[in-house]
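Below, chain A partners chain B and then partners chain C, in two separate complexes.
What follows is the complex of A and B.
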């Protein structure tokens, strides 16, 4: 069953916590991965792969650079999950 | 039909000795910053590299190979006249013919050892090791010298922010010989030519025009390679463990190709390697030396005592092609 936006954000928060050690409550829709959450471009690749597995979506490299904020990623996953 | 007598090989093969050569000149990140807009902090955090070695004009592919090989042969308790074949893996020897392996075999003092070069990028050591194992077991050579050697500084665009800091020079060698027990596990290897554009030479030699082009260099799609290296190669590493009948708990040492510290760290996490496994992190002071990186890292771990003879190690190489090769070996 497809995840809701809330579930996606909660999932992303766990992933970011695991990869960058940021507290889950800091991972909010408007937060930028690189500027606010200490997720650099290479950690972002790890976040994306973890999100792909968790939400059963494909996020091609070309789309990754458009995912600046947690909200961008959540909307992308919401739209592309099946 | 006449009956052909088969060759007689050894039951199994093992790595008997290892040697390395690092060029004298140590190049810190400050030197890299003379040609790219970056910082020591950025380079260290994205790659883990603090220094690398760059070869001088005298430290040729052959010269570095001979130094590393001499050490490997001595470490194996042999002399050069016992070496039956020399395999060199390199992408940075700029004279295609004859193979540089022949000059190395001659200058080392082998007795007309078979000698040839292979090209398999950063997986070259694993490819050559696989050939050597086959040759020892099949019986065409009793002792095979495997060399990974690069002068990647010759193929680096020092003005390219994405690669200027990554590459280094050096040579690593091992001697593979007969064994009564298996000490080199099954190789898991392959190629993904559909991804050949992700790491490549900027201009083909036949198209290179110094009036138009910069000197050919290695260029890559960094994040695509990172993703492939961490996640696809972790699967290959696991397959090599499975093929050898070894669990991560049985492992003493992990020696991945030294491409980027971040790749190494992520692979260790993805593979869920236990704490007790020693991980090669030679990249910090060596940079990415392609085919040379695994034997160089192996030599250093043994020299510093972080690993010891008889330890069980997982080695995995991966790079331009894209190609990869992984196996479990016993350290010499």
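What follows is the complex of A and C.
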């Protein structure tokens, strides 16, 4: 069963917490990965790979650059998950 | 004073070693004659001819924040921990530029390792084979590059005068400290964070070193396996960790009222050009390095009372080193208390020059030479030479102005001798 947006944000929060050490409650829809969450371009690749596994979705490298905020990523996953 | 003959002093020390998670606990272990060598547990080591090593006493994962640790090779983790301790020990707080102690453009970092991020490389190859391309960490390259520890330490303190990584196998850490001295002497920097690190306790490096017949196979008695100068020595024991010092021009240290451990007199360098891995048996290259040290510094052999020897516990190397010292120092070797601290820490490869510099600095500071443990029956050639190996218990060093040297030699025939003196 596909995850809801709420579940996706919660999952992303856990991933960002694991990779960047940011408290899960700080990972909100409007937060920028690079500016707010201490996720640099290398760590973003880790976030993407972890999200792909968790939500059974493919996020091509060309699309990663469009995922600026947690909301961008959640919407992308919501739309593309199987 | 011209920038080429500035006096260089040590103002901070830091270490994380098989004997302790900081310089103080390491020193306590060295003076007590404690061995850090342990059996290697686990299936991946079970088939190896060598199943002992000297792992770090405190796992770096317990010290560093997890998000940071996962982006650093273990060698860089050790380097960062030791560098932070040394930086604070020197009285610095925060990054250069954030406080008044030193300007970023006058601060350098020189941290070396012998084989860089070897465990990252091997572990990520396992990931590639077992989990596929996509799962290879995007941090792999910055983690495995040999300059990774130096670069991360440079970032930590905001070093902008230059960040360097000389690589010369087991002489790397000492070469880094020598390089740092030159950075200050030549006026490129006022303060340099310098040292060595290594983290290579993994089945592949162990298998490779074992196949070179370089390692002790005394698996049944781990704490007795590393035994420099003993008749029964059969090779080195691999250790891991880092040792870092803060080097500073004397005027810079004085201007900020820093505590000074000792002066760094300089370095003597040479290359054997004999064999890629065997030590030159007469000690010709080592003798040349010691002679170069005497020629290029004002070290007076009469002041020399302590040597932290390279002494890895290999049959040939330990003897060649003593022969070389005798050749150059003559009767002055008789008043040198010789400590083979690898008997306790194992051999940290590129980290050795770092932790042994910390040990040498502390030996002068406390006027105490650590023992060489496990010398049950002194090698006949060493015994007939008469060199004064500190055995059993730590030895008190004389009052007055005293000097010490730290030897590091590496596969490839690299010889580095560093000299220090009380102030």
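What we mean here is this: the second predicted complex is superposed on the first by the 82 of 82 C-alpha atoms of A that agree within 3 Å, B and C clash if a C-alpha of one lies under 4 Å from a C-alpha of the other, contacts with A are read in each partner's own complex, and residues count from 1 in each chain.
We take it that a residue touches a chain if its C-beta (ideal position, glycine included) is under 8 Å from a C-beta of that chain, and two chains touch if they have at least 3 such contacts.
Predicted model, so just to flag it, every value in this text is computed and none were measured.
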Touch test for A:61: chain B only (first), chain C only (second), both, or neither? first
For A:7 in the superposed arrangement: first (chain B), second (chain C), both or neither? neither
Between chain B (first) and chain C (second), which, if any, makes contact with A:72: first, second, both or neither? neither
Would you sort A:45 into first (chain B), second (chain C), both or neither based on which partner it touches? both
Considering only touches as defined above, state whether A:20 meets chain B (first), chain C (second), both or neither. second
Hey, what residues of chain A end up touching chain B and chain C alike? 42, 45-46, 49
Touching chain A in the complex: which residues of chain C? 65-68, 70-71, 134-135, 137-139, 142
In the complex of these two chains, what residues of chain A are touching chain C? 19-21, 38, 42-43, 45-46, 49, 52
Applying the document's contact rule, which stretches of chain B touch chain A when the two form their complex? 45-46, 221, 223-224, 226-227, 230-231, 262, 266
Which stretch or stretches of chain A touch chain B in the complex? 40-42, 45-46, 48-49, 61, 64
